[in-house]
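All chains are identified by letter, namely A, B, C and D, in their written order; residue positions are counted from 1 within each chain.
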Amino acid sequence: MSIDMSHTYTVEVGYDEFCGALAARDLKPLWKIAKQLMPEVPLPTTQAWLWKWDDVLPLAKRAGELITLERGGDRRVLALANPGLRGLPFTSTTLWGALQYLGPHESAPAHRHTPSAIRFVLTGSGVYTTVNGDACDMEPGDLILTPIWNWHDHNNRSDDPMVWFDGLDLPLLTALESIFFENHPDQLQPVDGHNRSEQGFAGVGLREMGISSPIAHSPLLRYRWGETERTLEALQRARGGPMVSLEFVNPLTGGPAVSTFACEMHRLSPGARTPTKRKTGSSVYVVFQGSGRSVINGVCFEWGPGDIFVTPSWASVDHEANLQADLFAISDRPVLQVLHLYREEELVERQEVSGTFVPLQGALRTAEVNRDEH
Amino acid sequence: MSIDMSHTYTVEVGYDEFCGALAARDLKPLWKIAKQLMPEVPLPTTQAWLWKWDDVLPLAKRAGELITLERGGDRRVLALANPGLRGLPFTSTTLWGALQYLGPHESAPAHRHTPSAIRFVLTGSGVYTTVNGDACDMEPGDLILTPIWNWHDHNNRSDDPMVWFDGLDLPLLTALESIFFENHPDQLQPVDGHNRSEQGFAGVGLREMGISSPIAHSPLLRYRWGETERTLEALQRARGGPMVSLEFVNPLTGGPAVSTFACEMHRLSPGARTPTKRKTGSSVYVVFQGSGRSVINGVCFEWGPGDIFVTPSWASVDHEANLQADLFAISDRPVLQVLHLYREEELVERQEVSGTFVPLQGALRTAEVNRDEH
Amino acid sequence: MSIDMSHTYTVEVGYDEFCGALAARDLKPLWKIAKQLMPEVPLPTTQAWLWKWDDVLPLAKRAGELITLERGGDRRVLALANPGLRGLPFTSTTLWGALQYLGPHESAPAHRHTPSAIRFVLTGSGVYTTVNGDACDMEPGDLILTPIWNWHDHNNRSDDPMVWFDGLDLPLLTALESIFFENHPDQLQPVDGHNRSEQGFAGVGLREMGISSPIAHSPLLRYRWGETERTLEALQRARGGPMVSLEFVNPLTGGPAVSTFACEMHRLSPGARTPTKRKTGSSVYVVFQGSGRSVINGVCFEWGPGDIFVTPSWASVDHEANLQADLFAISDRPVLQVLHLYREEELVERQEVSGTFVPLQGALRTAEVNRDEH
Amino acid sequence: MSIDMSHTYTVEVGYDEFCGALAARDLKPLWKIAKQLMPEVPLPTTQAWLWKWDDVLPLAKRAGELITLERGGDRRVLALANPGLRGLPFTSTTLWGALQYLGPHESAPAHRHTPSAIRFVLTGSGVYTTVNGDACDMEPGDLILTPIWNWHDHNNRSDDPMVWFDGLDLPLLTALESIFFENHPDQLQPVDGHNRSEQGFAGVGLREMGISSPIAHSPLLRYRWGETERTLEALQRARGGPMVSLEFVNPLTGGPAVSTFACEMHRLSPGARTPTKRKTGSSVYVVFQGSGRSVINGVCFEWGPGDIFVTPSWASVDHEANLQADLFAISDRPVLQVLHLYREEELVERQEVSGTFVPLQGALRTAEVNRDEH
């Protein structure tokens, strides 16, 4: 019994009725939407955007007073919702960026999920995140991994709150319909030791014999700021130029620390502008220290400590610091690379600046858009 | 100049005003949406759905009369739009499935794009698709690749129309904001030869010395039905059971024919039901010949030649043929595997059947939904 | 307790006594042997050599009469011993080539070993080799794998003898001191089926879903001559030129059929000489049909059906057929490639022919050398 | 023209004449040598052996007086010649171990070769090895790479001699007939900078963006003792037990520092014996500090600072320190692993000690053997 075409009649309908018949049968004609679907260069819905530390922090603090951490409201997280993404709580189509606030002596209960998360500590001290039994201390500038399907809880033993940046692949895993989640049977998991993942990684290029890497992520779960800073300084001395960049990788494979996004640190030397580049895929930048500005598709984004901004796919981007600046970033580059979709290029000339981003205007516009949708 | 927390005031606002302030600053509180964002198992927006050949073909034919192939309307394609995807012309969140109709003596002009496409021929003859200068003949059951950034045009030299199934990674590349598109300078590209990609692939496990594979896809661009059928028969003899399955791969690497989705062929022997399985990621099945039914999350989908159906992520699925059936399928499995997100399991007991899919109802419901949105 | 240099005296001896003291302490001074150890280009001990079918076959037949196959003398094998290798029974420093003779209704008992072997059938019929329970039929031109640590025995069910070429990595594994060997508890292993490894490999680029490759070798154990010949013909049509070449590979990975050496087939069209090339590593060529000559480092080697010759590392080599010729070959190229030691180049001009290889002279010389050693 | 068997006569000769005919035609019968060629477990020609620092150093010093460094005698190297290898200057069938002596203010001229070398510094200071323009400083305990085909020269700027251990893959590359060698046009190559390879490798798991690894070896050319020691201490604290072990790896891939052998460092805590293990492949151990003994196939080898010993393939080996000891080692494991030949196992019971190695006896015996051969 094979496909038969001979008996089929043609429906004798006019164009309008034809279009209605398509809709009624869950069909869409390509010819009406081809140019939107297949633009000549990426036409991202992700918008270049910036969130000011001074706008976000007071709200995070207020959340600390209004919201308690209990089952069902596990985490006190403010997601950076890109206004281009039609109300979705995502920072780009692939990346989730958020600020998480953990009050003094609070704990966020243990769970695990297939989305991988990283925590980049902005301010606070005396906190640890337990990852599969390993209590990883968190200090400003540290990067902590809570990768795919690893149990994790957060614990603040100090009298001060901590605020960190959360980076997740949640939008990508939503698109891939691959999210699993499980609460730990206990409120907090037992702690087997402290900073155990760092054992045996005391020297570059030295690998403990007989160990192998977890399949999807780095065995090293804490990347201390001291090591990062020392490497940035060494690169600065060796390479010079307006910017040096490093990636946090799995020391046993050289691959990305988590499979689904890159974790990077960029140091900008003051007074020089980087060349203008564009690349496929989005990045979320977190200003750890220093100040400056980034030009994204001709629009100038001014930033200082704690500010966060996002660059869309194929946007023209350059950076310039007033004061030496360290920018932590996450990017979906590893996904694009493994699928052979990554492209990058440096523009021959630096882009011109045609305007300046004003967050308030953006905020207003978003509020309006949201209002329209409800 | 580092992140400063000490001076920050708390905004003395009530909960409602607090929520408004978040919205105004493009922030979303996680605690209200955590369960939706991180469900215990995948909660796909993709719906199980089926498109009947007898519904689609008359519309394809009518499109052949109403729509001409010219620049700006390059392809006569009816996309299978999943009603779960809020009006998007996508079959699942990662996969594009469509029927393409090429009239007698028509040509679809040459272009290239980063989305990879495959063509699985349903009916017709005497057509070839030129891929980077190689004219690949198309006959029923053949699989033709037009992979990432390869020039391609379609040419019908016969007096009959051809209808084929189009499979693309377009939804994934939309999410990854990585779509580039380019029209060829000429209406049709020059033909350097016919079926050249098959040269040197006349025997299994025999590799021409000195050649290497393209980086992102198979060098073999045409997989003839005769080879596929012979392999299905061999597997059927060797393995027995209700279903045998094969994947179309790059003969030089064993990897998927294109990087971003799998191409598969499944043969069902009549009279036996397959075990019930579920897996992460979606699949689109095209019935090439035979008839039977598939149970998807307890709902029975009856199918015959030319019908197409989609299974969402983590859906419980089993199949049963009345008449020996060959199902071509595409799936996003390679993406999930390379990101370490692929899971599959066989249920201990076969699922019960609780209802039957009625396309008309679906169509009606979709029409209503569409009406509401406009 | 660290290395101490301060107290050490210098031995006040003259040069001769100094050299003697080195020898007495198992030390060798580099400066006397540096040029031999590190020549500017490879200085192989492997010599270009050729064994004539008409010389070897009568001896193989006589071996069939004189030697019975029993434990302790498992295989009736005549190894091609390169006269450059100081009495070792190896064809090159990495490759073992031999002729094996299996008489009518004989069986060679079951064993396994870490050296991988391939069998290329020269003449005979009605024989099968059982590999881990899979009885692989052997016909002229077939390539049969008995890879690393796979049980294997050979069984002749016909009234005629069979002669095949044995290719092994035995010299390499001897150098790597990695040889394990085990006799099967039974004289012959049980047969689970015939030619089972070929099941599911009926079409190029088609992979049975759910199977994975053995780690060190191809899952396909028999490469039939028919497939090989058809592919050679297709390549000949497509590429033209004096020679087309293919490699036998693992269809699931594209890698070599066994890890430690390549199996190749070269078809020479009559009347044209190939360009002169040289490469690191040695090759052993077996003339399956046709006749012609190869020039190796300026010496002409005439060959016909059943003749076998070896080319040393970095030798200048070209080939020319009188009658269309098919040359099976093994080579250590995969080892060199995986260690990043492989180099090859084509000489700008074809090498001149300065002489002709005369086997008898070689044989005489070898006999003398052997005599000197005993 | 195919292989013909029908016309062939059998040679009517007796067994002795038959054997002679084989020898005359460069054929070896397998049945006489099968057990030697294919032993049940590896039957290494490499012998367990030990070279005493107190024996070797005076000769190295004397060589410093007798031998000058000039073209034609480029390096003042004493190779550790394993007495099992029939006069070859190799430490095992795959590894070359040697001591190199560089006098005050001497330079060893620039060259390059396909054999990869490592230098492990035993004593001295103020020396640098220039590798492709990068002057790598050498201090005790440092590991310096001069990998495949990299230009290198050694320069002593101090008033004291330096002695280091040379590890090379020379025996393996000899067997693979893949040695190329070239003298640099100048006596010494120009120096572009000092310790440049270390730039950007200041932190574990931090990778400079935009760089890629050389294909066959680590980009890091100097592994400082300080980093090694710190990692050994961290492992000792974390793991406890009689021995902790690390491997020197390419920080960009996690693979071995050079492709063809492993570089390892083992720290033994005093007073406890390691479990008895055996593995395929050989290792050469260099005692950097501390003292103790190793049991190899039941024979006890006592060692102290500067002593060097070799373990053959599949030897039963355990170690025990009197004083905390650091043993540098090279091993051919990466080659065996990539060819799927690596096996290791821990014996259920520790081996018994049946005797003690006495170097003098060994030396005497070797001298006799050498005398016999000449």
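Basically, a residue touches a chain if its C-beta (ideal position, glycine included) is under 8 Å from a C-beta of that chain, and two chains touch if they have at least 3 such contacts.
These figures come from a predicted structure and were not determined experimentally.
Enquirer: Which chains does chain B share as contact partners with chain C?
Expert: Touching chain B as well as chain C, we find no chain at all.
Enquirer: Listed by label, which chains are in contact with chain A and with chain B?
Expert: Of all the chains present, none is in contact with both chain A and chain B.
Enquirer: Chain A to chain C: how many Å between their CA centres?
Expert: 54
Enquirer: List the centre-to-centre spacing of chain A and chain D in whole Å, with centres computed as mean CA coordinates.
Expert: Distance between chain centres: 46 Å.
Enquirer: If you average the CA atoms of chain C and of chain D, how many Å lie between those two points?
Expert: Inter-chain centre distance comes to 28 Å.
Enquirer: Touching two or more other chains, which residues of chain D qualify?
Expert: Nothing qualifies.
Enquirer: By the document's touch rule, what are all the touching chain pairs in this structure?
Expert: A-B, A-D, B-C, C-D
Enquirer: Which chain C residues qualify as touching chain D in the complex?
Expert: 1-5, 8-11, 13, 15, 18, 21-31, 33-35, 37-46, 49, 51, 53-59, 61-63, 65-67, 72-83, 89, 92-94, 98, 113-115, 122-124, 140, 148, 161, 163, 170-182, 215-216, 259-260, 280-282, 288-291, 304-306, 312-314, 323, 332, 335-336, 338-341, 343, 359, 362-364, 366-367, 370
Enquirer: Quick check on the complex: what are the chain D residues that touch chain A?
Expert: 196, 198-210, 213, 218, 220, 223, 227-228, 230-231, 233-235, 237-239, 244-254, 257, 264
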